Structure formats: structure tokens, C-alpha cells
Amino acid sequence: MHPTRVHDLGFAQVDIGREQRQGLPEVVYGPGKTPGQIRAIVAELLRDNSGPVLVTRVDPGTAAEVLDQLPAGSYDATAGLLVWRPAAANGFALTVVSAGTSDWPVAAEAAAVAEAVGLAVTTVQDVGVAGLQRVLRVREQLRAGDAVVVVAGMEGALASVVGGLVGCPVIAVPVSTGYGASLAGVTALLAMHASCAAGITVVNIDSGFGAAMAAHRLAWAGSRRA
Amino acid sequence: MHPTRVHDLGFAQVDIGREQRQGLPEVVYGPGKTPGQIRAIVAELLRDNSGPVLVTRVDPGTAAEVLDQLPAGSYDATAGLLVWRPAAANGFALTVVSAGTSDWPVAAEAAAVAEAVGLAVTTVQDVGVAGLQRVLRVREQLRAGDAVVVVAGMEGALASVVGGLVGCPVIAVPVSTGYGASLAGVTALLAMHASCAAGITVVNIDSGFGAAMAAHRLAWAGSRRA
Amino acid sequence: MHPTRVHDLGFAQVDIGREQRQGLPEVVYGPGKTPGQIRAIVAELLRDNSGPVLVTRVDPGTAAEVLDQLPAGSYDATAGLLVWRPAAANGFALTVVSAGTSDWPVAAEAAAVAEAVGLAVTTVQDVGVAGLQRVLRVREQLRAGDAVVVVAGMEGALASVVGGLVGCPVIAVPVSTGYGASLAGVTALLAMHASCAAGITVVNIDSGFGAAMAAHRLAWAGSRRA
Amino acid sequence: MHPTRVHDLGFAQVDIGREQRQGLPEVVYGPGKTPGQIRAIVAELLRDNSGPVLVTRVDPGTAAEVLDQLPAGSYDATAGLLVWRPAAANGFALTVVSAGTSDWPVAAEAAAVAEAVGLAVTTVQDVGVAGLQRVLRVREQLRAGDAVVVVAGMEGALASVVGGLVGCPVIAVPVSTGYGASLAGVTALLAMHASCAAGITVVNIDSGFGAAMAAHRLAWAGSRRA
Amino acid sequence: MHPTRVHDLGFAQVDIGREQRQGLPEVVYGPGKTPGQIRAIVAELLRDNSGPVLVTRVDPGTAAEVLDQLPAGSYDATAGLLVWRPAAANGFALTVVSAGTSDWPVAAEAAAVAEAVGLAVTTVQDVGVAGLQRVLRVREQLRAGDAVVVVAGMEGALASVVGGLVGCPVIAVPVSTGYGASLAGVTALLAMHASCAAGITVVNIDSGFGAAMAAHRLAWAGSRRA
Amino acid sequence: MHPTRVHDLGFAQVDIGREQRQGLPEVVYGPGKTPGQIRAIVAELLRDNSGPVLVTRVDPGTAAEVLDQLPAGSYDATAGLLVWRPAAANGFALTVVSAGTSDWPVAAEAAAVAEAVGLAVTTVQDVGVAGLQRVLRVREQLRAGDAVVVVAGMEGALASVVGGLVGCPVIAVPVSTGYGASLAGVTALLAMHASCAAGITVVNIDSGFGAAMAAHRLAWAGSRRA
Amino acid sequence: MHPTRVHDLGFAQVDIGREQRQGLPEVVYGPGKTPGQIRAIVAELLRDNSGPVLVTRVDPGTAAEVLDQLPAGSYDATAGLLVWRPAAANGFALTVVSAGTSDWPVAAEAAAVAEAVGLAVTTVQDVGVAGLQRVLRVREQLRAGDAVVVVAGMEGALASVVGGLVGCPVIAVPVSTGYGASLAGVTALLAMHASCAAGITVVNIDSGFGAAMAAHRLAWAGSRRA
Amino acid sequence: MHPTRVHDLGFAQVDIGREQRQGLPEVVYGPGKTPGQIRAIVAELLRDNSGPVLVTRVDPGTAAEVLDQLPAGSYDATAGLLVWRPAAANGFALTVVSAGTSDWPVAAEAAAVAEAVGLAVTTVQDVGVAGLQRVLRVREQLRAGDAVVVVAGMEGALASVVGGLVGCPVIAVPVSTGYGASLAGVTALLAMHASCAAGITVVNIDSGFGAAMAAHRLAWAGSRRA
């Protein structure tokens, strides 16, 4: 199987080779695609790949239509995620920590995608820096993992605080919650980049998916190295 | 003395009445004014007001030229501040805390202006949130004051953390240090506004002066109330 | 009762200790929470705290569902605020002044939250600077209070004008009303920061809540000092 | 003389016809032009037009080199303006009011250009809204003119206040002074547009020239009508 | 009648004195006000002022409810304008020119408000600069008026072109039509300010009302002068 | 037939002369126009021009109403395009390549407009740079055409990659798909301009129409030259 | 010679194959490179390519140092361009038109690069839209060429006007001249994209080089087709 | 040794505990610090920590002054980095790839910091996506490492391309090179976040340091796991 193979569905060129080429599943972005288009792409991936198949940001109605004909999959409504053939656990421990209750849907996407690709996920919710004791009481839990995903809207300060507590990789996800000066997540994104904590990295606003895939790259490279 | 009296120097209308009208000194903004203009305004304020007279953002050369003819004043080079007739201490305890060493000049302006108008100032330097223990070890010190000024550039997260530790007024000053995503202080300003800590307030970027005057308003109103 | 105690509801870590730690109530932000979640958090706070319990930005339908099971609370529809156990008046006099009729909802939130935490609130509506006599006729009223909250959209100039009239603390709230160059409140926020009036402070766009909590900090620190 | 005539100097197409076509002088923008280029254009305009000839934003050195060969002109160093053949006074009364001492260079350009094209200019300096009495004491002076140019940096609130005091045209000029949230004049520009005062108009940041020319259009149209 | 008189309706401070103080009607901004509130303010203005009474940006349903009890007024649905007691024509000739068909609603507001305050309005529609002959054929018409309002979205270039053709005042209105790089009118606003045509002025995005009031100031000052 | 002729429909000045003046059809922008207005303009163009007549961004309902009375036209629902009298093929080969499935509607508009004005269009879909082999396998196809239109949202990197593969003109269209840091297409627009590939050009966000017309200019000039 | 060959100089990977692969010279961007680095790259390109070799944005001092050892080249100081082996004229007629005298350096770069790659260039300077007759008198000249490059700062309106006059390709170059609302060329860039003229394309701010290379692509593709 | 220990130098609170707490060195940010301050902090860290000591963004003059008294360190002028006690190699293979020659200083900082903390670094320079063969020829080299740092200014497209080629972690560094639409690195930062390649992460503009520390976290966590 050659890693650059592509299947041409007309409306989409399905990248059949990514799994082998990169060790990453070719994840389907749901918005703008009809249930029929999603079904066609998923079927292609199920047939020609061997690992997990994921579709993100799927609303419940679309999910039901897709699963009606591809019933082996499962749907996580909070995360908006469809999954077929989830990967077996690979032993990589990921902690997903969110700053406020309204950051939870993005954290849920990060957790669900990470689990689908084989990571062992622990979630910690509602750990805002304005109540520092909430951070401090989970300090050891954060330090125990192989990587931490920090999900935070508003000023995004949790990323700096966690970045100063742990030595493992920190992947920060700005969230578009909040109002006014939050600027739909842009403020959190900029603040996370301007962070005084050394070596934290950032993914796109609301991209729980991106954070999970970044963690998957860590796990994949780690297992290859081992 | 009528509080709306104005002295017309041609190039400037000196607000002689502000001291009586608001209990605030009429502070002179130095940049763009010649030593001669500064001297003329200061002389006017010294003659017709009775409280402190301040000029901010003065470089050493200008300061020397001004003091040459108005030698009763003093100059703080780090703060860039000229002061005549500093106010007697009024018992209001202000803590000025800064996040990094490069935030110090702005914190110094805040501290110097606050002292000149009669506040009792304590400074705490280099308390970044990426080393949370540095914040925690001064927690009681922060709680002991009547108000806290938080000076922070980069992501400005210290304001949120302090805002969650103390019950007294918190005045946050974003600083234009940092690079890239710091956007010359705009990121810190936005992040401080988007803060998850309830009831913290913000002044303009790099405005140690503004923070000190906001604290002075607290002291003035408090003493009037008492 | 230890001030760092946290109650873990799974979806939320309720900060039971803030009341004792900071003298501030732990206010619940309503948007994105179900009536059930709000009820659970409120019940927790009513049981383990002794002061006021507040939920902000609640729509009438949600409010009705919450009050149905926690009927001791009251709902202010203009402010969108749910309150249980409002604090007794503490004698701190707060004036809330708004610039235009469309700024009123934000001013109403400021006033309602401030009253719930024990401040004595006076409101002055529709005081635009384009009709300066409207400001001048309430000048003494503004000067009489312990602090002033200025609520203004569009160009936000009322903050500068009030800042030049009173000596007490001025907390400015930019509002997202207006169109075009108002940029959903960003212009007012920036203009308030660039204000020529010394020592005014600013909170987030539309955050009547933030302004009220900032005023509460003033009252809390003042009473502690007295 | 046909109003669309153009003289081609190679590096510039001198619009010889604007004077007759629009009643406006063809004003030369100085920056980026050598003294020789300025001299060539001015000579062309002096020969083929009959009214005033102006060059803006000229530094003293360039001005001296130009005047050396075209000595009939005069130079205003504060305004940075070179003028030949200033127009006779046409009886139109323009008031130029500036908000702070650092706004004066822009106000000076507005005043100098306006006088050069025949307007009768009165200037009022340092009228900040944080000292409202400074505005109120010149109220009648502002009302007496045929138009008012308001020059203001920082938050630009003076435009709203003046716009609410006078019935004649108000031309607002945002200024790039200030720091932080002033954003080099962009905040003042936006705030002036978002102003609650009806019917005020705005020109480009720092464009004293633009304001003067806008006033000249008023005078020209008014005199044509009379 | 004293020009600073204000009528206090609780939710609004009606500026009864503006008409005499400035020669401008106190125009009511419709959005956010209930039909009842509009009726109360209009009734106040009809009773205590003698000139035109206007309410802008009113939808047809609200207009019908208001007119039901104040039937002497009239409603212009395209302009969204309610008018009572329109002013008699004062002989000032205003031309309103719009760049594209989608700019028409804003131009219609400018025209309707201008007529209601007594100006003689001529409208010229769909004069885009990409078909320059459309501009050139109305050149004399544009030159004949006492002032020109230019209404243009997208790149707003029509303002520069008209500004180079006429000598009378040019008031430019950026419009929020267009997509992508138009940035909801911000691009046109900036471009109009950066215009190479000398002395054109700009009002807020979509503010046909502001342009009309600016023109009214011209007419008022001109008639006072005559 | 004179190329500056304009037909005045009151609400629109139909540019009858563009076809002869520029060799370009006068394309009608649909949004904001009623079916009746569209019909009137189209009828005018069909009568007085001889080439293709196009209306862009038309929804199906409006399209049906227009075609009901002008049935010789055809409607492409994906592209939102109405066409009458499509031009005969002129032999210019245009390739339209899109980066993701959600970029397809914009690419469809580019393709449909280009075909309507006589270009021979080939489309290549879903060629994202994250799977470079998808680009490489169509390399020769891209090189074979006379010009390439690259349609890409998100980071818009496909434009740089294609710009480095082909020597013919590359017209890049940023697309408003994506979320967060995509900033509704602004990021792609800026990135395409900052591209390291020499000589690629860019049109407005989502403007498949603009790209097709730019290609038409190439074809027109090329055929004139031949 | 294989078109993907790359020469590795350590600090640079010289793309030897671009000439054959794309028909485009590999142009060197001067800023940040030492004279020695430039010499090494140029020598490589002179040896292994056969067409023109260009280095852009070179200051006179650097140019002298480079030419000292590679004296066959020539330097255009206004354009900042070094050229070796300029291409023979290929008959493609390009018109470069600039809006103001301060736009000339960018126009000069466009013209010099275009000539170096074989285009026949005509330049037209200082054609501002505020004096429309300056545009109209060169109308036929603009129509005669195979393509037009429009170089304009400030509001960039010249691109729309030219785009409405000619049928051939129009490549617009925004320029960073101007002040205030010009935003260093960003306003012109946005305005050119929002232009009402169909089918004009835009390159990066100040990129005379980019416009020339875009024109070269037109010429290359046209000659391949012929 | 307790990991929260802090040494108070007055102007700085040296975080002595970070090394043990996080496994990360406490790196000193050079700008704004005097040679004396740097020496004091370095001496503190050398005495109380056992691992590498780094100071970033140091100019040669300052470096010489510091090394004069702490001669055991070394200085890398391209990277601007001072290092004492570099860590022994830990076997983690990091590839640093840069897109253009002007991105090299940032890449050099990434490489030097990474080596100082013990990573085995390979650098690949000048791999722009406009010459795709330059990427493809190093494909296997990129795949061989444990992580890749991608350093790119302008449109930053290299991050997407590399992100699609390798399965290991990709850390993207936007660079502030380029002009116009590059917006000093903001465009590259946004584009990297909007990237279509799944799971790439981003650090602050020009932060080679941040990328190296992110890689160090990967190595640290990987070695802890092993």
C-alpha cells in the first residue's frame, strides 16, 4: 500500500495514505458536508484504512442519518464526534483541563478525539485561576500525565499557570466563550502566545480536535522511539 | 477660591481649580512640552494651589533644566517623575506588584506618583504566574493592603490571579513589554478585561500614573467618608 | 471553614471559600448553564456560604425554572439577575449614571448587582455629553456618592466628563450599543482608556456586573479599614 | 483658461485647472519631494494660477532651500507650511479649538492653512473635557463663528461636547498623540465617528490641512450662494 | 425659554433646549425604544419645541403603533423615518449621490432627514466609479448644489472622485454593504479618510442621518450669516 | 453605439456601454435587488448589448421569479448564477482548483462565470496541501492551462504551492470558511498576499466572480493581441 | 537539466530549476542578505541558468559591493534593483500608472523588474483621481497596452477607475504612503479588494516586484499560447 | 531542596525551584536587563541549580560584559544566546527547518537553545514551499526526527506542508520577516493556526526559544516515560 494513494470521489479526494504515511487517521471535518457525502468518505476510509475513522462537529440529526447506514459507529453528542473502530489504548496518559464550565464542549471534543485515537484521557473541569486553590489541588494530577491539554476562554491565564507547574508538554486551546474584550477567542489565543510560561504551545480557537491530534503526534512519536 | 478658575498661559489653560474641585492635583504630562513651558505651568500651580505638583514622563535632561530654576522639586529617574511639595502620608496602604523585571519602570511610576500624593506604598517585584509560588508567598502581603496595583505585560495573567486572592480593589496596568503576540500591550489590556476574576479594573497601557491616580481617588473618597 | 474549600459537582468546582477568603460572593455566570446546573450550584452556595447568592445574565424562562425549586430568590428581568439572600445595606453610596437610553440594560445590571451585595445605589439615566446641561444639573449628585459607575456606549465620552467633575473613584463600563465605528463597544473601551481624565478605571464591555463587583471591593476594603 | 488643463513635469502632473474648476488651490504635499521638485511645482502654480500657493508638512531645512529661490513666500515653522500669495480675508469666521497642548501642531496647521486661503481664524488652546469649565468659558466664542474645527487626540471627547454646544458645522480632527489605547489616533477617529453629537464630521488623523480645506469649501460655497 | 431646559421622563432626559440652543432638532434614535417610549418623547418634543420632530431607524410595525396615537406624523419606509412638522424649505440645495443600488437605503435616510429639516434635496443613484461616464454626466448637477452627500460602500472611491469635481462641501457616508475585504463599511470609512481629494469630510458608517444633520448645520450657519 | 451610454432606470444606471468599451459584460450583483429590479436590468442589457448577461449570488426563489418572465436564461444553483446568452468558447483554458470541500461553492461560482463568458474551464477539487501528493498528481494538469484560479480558505497555502509549480497567471481567491484564526477569510487573504511565490495575484474573499472576470480579462487581452 | 534541481549553499537552497520549470527567473530578495551572500547566489544563478538574474530592494552601498565582483550587472537606484542579463524584449506592452508622486518608487520597481524580464514598459505618473482629467487624458494610452499595473497609496481609488476604463488585465499595487487612516497601505489593499470594478487583481503592499512578475506570467502564458 | 524556593534579588525573584519542579531550566530573558543584573541572576542559578543556565536575546556588547566575569559560559552571536553548563545530549532528535534565508536568526535561536538543553539538533535551511522540490528532497530527513520545528515568516505555509508529511510533533514558529500584508508575523501566526494540517502547534512570533522549550518538554516527558 503506497502512502500517497488518493481516492477520487469527485467532490473529495480521500487521502487513503495518511494513516500509513503519518500514522494519523484522516479525520473528516463535518460542517458543510451532507450525510451522503460523509457516508461516502467514511465508507472509503473504513474499506481502505485499518485504523480509527472520525468525523468532527457533527450535529445530532446528521449523525443519525450517517449512523443509519454505517451503524458500527458511535456518536458523542457533547463532543459532536462520530467514531468507527476506535484505537486500542496505547498507554499515553493525557490530562484535559478546562478553565470554566462554558469551556467544556471544546474540552469534550479534545477528550473524545484523543480517546478515539488510543490515548488514556483524564478530564478536570472548571479550574479557573481566579480560585487558585482549584488549580493547586489538582497539581499532582496534572504532573502525573504524559501531556496536558489546557482549554480556556476569556483571558486564557490557566495555560500560563499550568505551564509553570508541569514539565511535560502543554497544549493550550483558546475558547471563543466570553464577551466584549474576549473578541471571540482571539484575546485568549494572543494571551496564550504571549504567556510567560516557557514552551507551551497553542492550537486554533475552539479546536479540541487540533489539541487531541497534537497529543496523538506525541504518543505516536513516543511509541516509535520506544 | 472658586473651583472652576483657569489660568490662561496662551499655550495652556492651567486648571487651578481641580485641586479644590476634585481633591486631585492637576498633573502635568511632560512629553511634547519644553522645559520653559513646564516651568511656567509648575510655577502657576505652585503659586495658586497648595498641594503636590507633579510632572510625568520627564527625561533626565529636561528634568535638570526645570529643576535648575525650580530647585525645591525632586526627580525620580526610574519613574521619570518630577515632584514638588509631596503630600503628607494619609495612611492608605497601596501595594504595587509587578509580574516581570521589564514591567518595573511602569510599576515605579505608579509607586512614585502614589507616594507623591500621600499613599503608603509597598512594592513587590517579579511575581510571574509561571512560578506560582512567587505569588503565593506574598499572598498575605497582598491581602494586607487597602488596594493593589498589578503591573503586567505579556499575557497579563497576574491580574486574574491576584484578583482571586484579595478582596480589596485591584487596579490592573497592562504593559507594552514583550514581542510578537503581545501587540505592544494590547493583548494584556484585552486579557485583563476578559479576566475571570470579578471586579478587577483596568487603566491604559503603561499608565502607572493612571493606576496611582485611581488609587488616590480611593484614598480621597475613603478619607472623606471616614 | 477553610477559605480554599471547593465542592466538586463534576461539571463545576464550586468555590465555597471565596466568601470568606475575599469577602466577595461567588457569582454564577448564567449563559451556557442549564436550569438544573444553576440550581445545583446555587443550592451548594446557599448551604455552605452565608452571604448573597447571585446568577447573572439569566433569561426569564430559565429564571422561572430555577425559582420554581428555589423560590426564596428574586428575579430582576431588566438586569437579568437572580438573587438569594441579598446583603443588608452597608452604607456605601454608589451612583450609576448612563449616557443614553440604550445603555440602560447594562446600567440596570450594575445597579441590581450592587444592591444585592449591600450598596446603596442611585441611578441617573440618559446623561449624554452632547447635551452638557444634562451632566451639569446632576453634578452635585455625582459628587455626593462614594463612587460613580459610568455606563456609556458610542464614543464613551461621559467617562471623561464625569472623571473631571468628581474626586471619588470612577468605574467606566463601555457598552456595545451603536453601529459602524462603535465596533460593538471596542471604540468606547479604547476611548475610556485613552481618556484625558486622570485615574478613571475601566471594566469589560457590557459588564455591569464587573463594575458592581469593583464597587463592592471599594466598599469591602473601606469597611475593613474603618 | 480651461479647468482641466494639466502641466506635465514628468515626475508630476500639475493640476493647473483646479483653482478655476473647484475654487480650491492645488496644495502641494511636501513629504517625499526634493526642494527642487517643490520649487518646480510652485513656480508652475505661481505662473498659471492666480490664487494662493501652499506646500504642507515642510521641515525648516527644505523650507529654507525652497524660499532661497522663491523668496516671495513665507514659512510657518509650527505648522510646517509654506505660503505664497495668501488670499485676502473673505469674512468667514473659523474657530480652531484644541483639546491639549500636544494637539497644538495639528491645530496650528489647520489655522495657518485656513488663513492662507482667506478665512478669519480664532484659536482656542488646551480645552480638555476633563476640566469642563475650560469648555464652558469659551462657549459663546465657539458659538460666534461660522464653523468650528475641533482638534483632539486621546479619546477625542471634545468633538462631542462642542458638537452639542454649537449649531454651526463642526469639523473634527483626531490627533495621533497619546499612548497605549490611543492607537496613534485611530481611537480618537473611531470615537469621533461614534459620537452622540448629531452632524459632526471628521477628517483624517493629524490632518489640520484637511480640516482647513473643508472649512474653505464651506466659505467658498457660502460666498457663491450669497 | 431657556436653552438648557431638560424634561425628565425617567427613562429619558428629553433635551427640550437643543432647538433653541443649536438650531438643531432633538432627533430620536429609534432602536431599543418601545413604541410607548417613542410616543412619550415625541409628545414632549411636539409640545415644547416648535420645529420638526424626527425618529430614525423605525421599522414599519413600530411606526404604525406610534402613528396610531400621533397621527399627524408621516413615515418613510425606505428611510425608516418618522416625521412630524417638517420644516419649510430654506433654499439650501443638497445633492445626495449614491454609488450603487445597495447604498440606496442609507442615501434615502440622508435625503428624508434633510428634507424634513428644510433642505431642498436632489438624489442621484447608482453612480459607480467603475463606469466613470456615469459620474461625468452628472458633473454639472453635482456642481450646482450648495453641498453634496456621497453615499458609498465597498471601496468608497466615489467620494474622492466627487471631491475632485466640486468646490462645495462634500460629506461622505461609508456604507456597510459589500463582503469580504469591505469589512462591514470599515474599509470605505478608512478609504474616505485617506482620500487624495482635499477637504472632504466623513460621517459614521451607514449614517445617512449624520450626513443630513451635517448638511443642516451648513444651512443653519449659512442662513445665520446671510 | 457609443461606449459611454447609460440607461437610467431610476433605481439604477445601467452601463450599456461597458461591453463595447471594455469587452466585459456588465454583470449584475444580485443581493439587495428585488426580482422585479433584476428583470428590468436584465431586459435592458439583453436589448442593448449583444453578449452574455449574468446575475450573481441569486437564491433559488429569486431565480425562479426572474426566469418566469425571462425564460431564456439558465440558473446554476451551486454557483447561484443566472445566465442569458452565454458566450461561445474562445479557446482560453482555465483551471479552477479548490483546496477543500467547503471551498467548492466559491470555486463553482468562478467556474460558472468563466464558462458563461466563454472560457474552457477544468475544475480540480479538494487539493489540500496537507496531503501534498494530491497537488503533485495534478501538477501537469495545472501546467497545461492558460491560467489557474486557486480557491482556498483556512491558511490559503495552496496558492503558494501552485504559484511555485506553474508559470502561467495564478489568481488566488481566499474563502471565508474555517473558524477561529481563519477570521472569516481575512487570514487567507493576508497569507496569499504575503506568499513567497512570485507574481500570484489575489481577489476579494469569496469572490469566485472576481477571479473569473480577471481570467476573462486575460482571455480578452490575449485574443486582442493575437 | 531537471527542473527540480537545487543547489545547496548552506545558508540558501538556490532553486536552479525554476527558470525551466516555470519560465520565471529565481529573483533574490535583498534585505537581510550580506553582499557576500548575494554574490554567491547570483554567481550560482548566472552559471546554471541562462536568463535574467535579479536582486530586489538593494541599497546603493550593497549594490556597489556586489557589482564590484560581478560587474556585468547594472543597478537602478530608484527601483533598488540589480540586474544581470536582462531579457530581450518579448513584445508584451505593459503600462505602469501611479497615483501620486510618492508612489513613484514602487512604480519604478515594477517598471524596472518588468523591463528586466523582457516586457515593453510605459510609465504614467501622478494620475490622481481627485483630478479626473489627469486620468481621462491618458485613457487611450491605458487602453493600448496588454496589461496595466496601477500603483496607488492612500485610498487606492485609481485601481477602480482604471478597472472601469480598460478591458485588459489590471494588477493593483497598494502603497504604504500616506498617514493616519492609510494604515501603512492596509487601507489601500482592502479598498482595492473591495473595488466595484470587476476582475481587477491585487498584489502585496509596496510590491512593485510582485506586480511585474504577475505581468511576466501573463506574457509568458500568452507567448506559450501564440 | 524544595521546588518552590525563590531567591529574592530585589529587582528579581529567581525561581530556583523550577529545575527540580518542572525539569526545565529557568531561562533568563535578556532585553531590558543590565549586564550586572544578568550576572547576578546567572550566578544565583549557577550556584543553586545544577543544570544548564541560559540567557536569550543578548547583544554582543552585553554578552562580552557578562562573560568577562562569568567566563565559563559561551555566546552564540547569531542566536543571541549565552549558555553555561550545557546539558549532555539526551538522544532526542529535533529537526529545525526554516522557510527562507531571513528566517534563519529565529531558527538559530531554536537550534541553540535546544542543543543547550540536551537535544540533538539537525537544521535544514531555506525550504520554501514555492519550490516544493526543496521540501520533498528533505522529506525523509524530516520524518526521521522525534519532532520538527518549522520556522517561517510571510504566509507560513511551510508548517502546513510539513504537517502533512510527518507523523511526529510539529512546532511552528511564525517569523516577523516580510512586509505589507505580513503584518510583522501576525499573518503567519494566524495562518499556522488556520492550517489544514491536523495537530500542528504554534508558539509566539519569533520565539525560537519557545519552540526549543516546547521540544524540551517533549524530550523530558518522553524520557520520564521510558
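We call the chains A, B, C, D, E, F, G and H, going by the order they appear; numbering starts again at 1 in every chain.
The rule we apply is simple: contacts are C-beta pairs under 8 Å (C-beta built on N, C-alpha and C of every residue); 3 or more make two chains touch, one makes a residue touch a chain.
For clarity, every value in this text was computed on a predicted model and none was experimentally measured.
Asks: Which chain's C-alpha centroid is most distant from that of chain C?
Replies: G
Asks: Could you tell me the distance, in whole angstrom, between the mean C-alpha positions of chain E and chain G?
Replies: 44
Asks: How many angstrom lie between the centres of chain A and chain C, each centre taken as the mean Cα position?
Replies: Each chain reduced to its C-alpha mean, chain A and chain C end up 36 Å apart.
Asks: Mind checking the centre-to-centre distance between chain E and chain H? Centres are C-alpha means, answer in whole Å.
Replies: Going by mean C-alpha positions, chain E sits 57 Å from chain H.
Asks: Specify, in ascending order, the residues of chain A that touch 2 or more different other chains.
Replies: 18, 100, 131, 136, 164-165, 180-181, 189, 193-194, 198, 204-205
Asks: According to the definition already given, which pairs of chains are in contact?
Replies: Inter-chain contacts occur between A-B, A-C, A-F, A-H, B-C, B-D, B-H, C-D, C-E, D-E, D-G, E-F, E-G, F-G, F-H, G-H.
Asks: Help me check something: in the complex, which residues belonging to chain B touch chain H?
Replies: 100-102, 104, 125-127, 131, 133-134, 136-137, 177, 179-181
Asks: Note which residues of chain D are touching chain E in the complex, please.
Replies: Contact set of chain D toward chain E: 18, 21-24, 27, 146-147, 164-171, 189, 193-194, 198-205, 209-210, 212-218, 220-222, 224-226.
Asks: In the complex, go through chain G and note every residue touching chain E.
Replies: Chain G residues touching chain E: 99-100, 128-132, 135-136, 153-157, 160-161, 163-165, 178, 180-183, 187-198.
Asks: Residues of chain D touching chain G in their complex?
Replies: Interface residues on chain D, with respect to chain G: 4, 6, 10-13, 15, 17-18, 29, 31-33, 37, 174, 176, 185-186, 189, 204-207.
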